[in-house]
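In this document, chain identifiers A, B, C and D correspond to the written order of the chains, with residue numbering beginning at 1 in each.
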Amino acid sequence: MNEGNWTDIAGRMGEDARGKFHRLPVRVYFEDTDAGGVVYHASYVRFCERGRTDFLRLLGVEARQLISGEASNEPAAFVVRRMSLDFKRPGRMDDLLVVETRVKDLGGASVTLNQDISKDGRSIFEADVTVVLVSVGGKPLRLSDAIRVAFEG
Amino acid sequence: MNEGNWTDIAGRMGEDARGKFHRLPVRVYFEDTDAGGVVYHASYVRFCERGRTDFLRLLGVEARQLISGEASNEPAAFVVRRMSLDFKRPGRMDDLLVVETRVKDLGGASVTLNQDISKDGRSIFEADVTVVLVSVGGKPLRLSDAIRVAFEG
Amino acid sequence: MNEGNWTDIAGRMGEDARGKFHRLPVRVYFEDTDAGGVVYHASYVRFCERGRTDFLRLLGVEARQLISGEASNEPAAFVVRRMSLDFKRPGRMDDLLVVETRVKDLGGASVTLNQDISKDGRSIFEADVTVVLVSVGGKPLRLSDAIRVAFEG
Amino acid sequence: MNEGNWTDIAGRMGEDARGKFHRLPVRVYFEDTDAGGVVYHASYVRFCERGRTDFLRLLGVEARQLISGEASNEPAAFVVRRMSLDFKRPGRMDDLLVVETRVKDLGGASVTLNQDISKDGRSIFEADVTVVLVSVGGKPLRLSDAIRVAFEG
């Protein structure tokens, strides 16, 4: 897919003292807010999934390929198993948020990611998310070496 | 599926001078509203799809069956081709809306439905929606006689 | 609001050995699913909020009243502070799920709820959700005795 | 707000033989798809709103300012009055779509926009959208000269 026209459309990879990270900018639109005047709490869960998807994309792993099996021996997808969510401060319409994703822990068939959402450099939401690689038939799969190396950076 | 415990969970069929209709109650939750303090405009499009799905359900046609092919000769699904939407008055948090769906026109492979959303008996949104029956491969399918009879009532 | 025409539209309160609970039926529509063929994970977070809102409604506390201040001394709303989510089994299109909500813990300004989502009587998702009562200005408020009594049953 | 780090985060303005236009890239994530394996139809309605919001933003009119009144004499917001939607081809997970927005017609208190969503340069969805400027109290407002000039380019 030719994406050359739009810079950073899948965010950016980076590295600091804590290790490798991925950052994705997310704009808050009306669809993300609620009648309380702030970002609806479940919207952060969607934002995190965008971050994970583009993190995988920049690692070279497209969700569509995982599902269709083009990138693995059998069709597979990452499925969320557990999340713990900490809502710290409200986001608002027109805010430009940044979703930062880091690998926290690598298991045999699961990955735990730490995801932080910030506004003007200040954290407003944080999540730990455990995803497992599952075949289309529902069976947990071992992470391939390619995926493992990609995550471990 | 045993749904006997929850009355009217798929709404109700009825008939008046204008013909057969289906009514589905829809509660407005925070997820449906936006920072303007009212129902987010795209939420009505979701509410209409709930109405169409339960209208089909009470006609005896489950979406899952259409897709899996259990209810037809080949796997198929209704796909929206055209909508015209009229946003008349705002809906608000906690409102109990009613989605009313009627068949407006039956074509060879398409159905045009008229859908009205009201609050305390007063219309706040109206849509004409044309859906086509399409095979999993993307080919438009003729409506089966069973579906045609169901729609014509 | 006259809701008499639609039975159980806000679910039902009940009581068993574990204490008081609220149950709300939730139908899975296309809007709730994703291209993986199952319920999108963030949809469960929305379903839980519907359960909490209707639990409060049957306790006599409407979200709109909390915000406008009609039911309290100053305008207020329950805001989600923390969630831990356990995704056990996939839900699918057309499923009729039940969201069960129970009070797990009552603090000075916070309530922790346990929410379980089941399908045909089998749990597919579970969450612990801590909400705090916050004034429109953002200040945490003590739970009124009325709300406290309502929760403690 | 410092957005300098992320290029084109609000899309780009351009001009061709048909006049001025705004283009916004939109990635398709799981949240935008449904169990049919394609983009859920109401997602396009959300994508169009993102396009309109960023079109206004690049014209110098932030939604939050319209609501709070910082950019006008009285608090106001654009509200959707009518939409006609044409669903031409399916979008899919991981697609990079482009939402193109053009002014079609300028009335006293309303603007009709034409919005086209394309994939690899080929249109998959088109909408005509009429929005009106409304005060917080619900009264239609005349478009200010500043807004009018911005739209007419």
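Following the convention adopted for this analysis, contacts are C-beta pairs under 8 Å (C-beta built on N, C-alpha and C of every residue); 3 or more make two chains touch, one makes a residue touch a chain.
As the structure is a prediction and not an experimental result, all values here were calculated from the model.
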Could you let me know which interface, B-D or A-B, is made of more C-beta pairs in contact?
B-D
Which chain's C-alpha centroid is most distant from that of chain B?
A
Just the number, please: Cα centre separation of chain B and chain D in whole Å.
26
Need the CA-centroid distance for the pair chain A / chain B, whole Å please.
33
Shared-interface residues of chain C (touching two or more other chains) are 30-31, 35-36, 42, 46, 49, 67, 92-93
In the complex, chain D touches chain C at residues 30-31, 33-38, 40, 42, 92-93
List the residues on chain A that touch chain C in their complex, please.
35-36, 41-42, 45-46, 49, 67, 77, 79-87, 90, 138
For chain A, which residues are in contact with chain D within the complex?
1-3, 5-10, 25, 27, 29-31, 46, 49-50, 53-54, 57, 62-64, 67, 92-96, 120
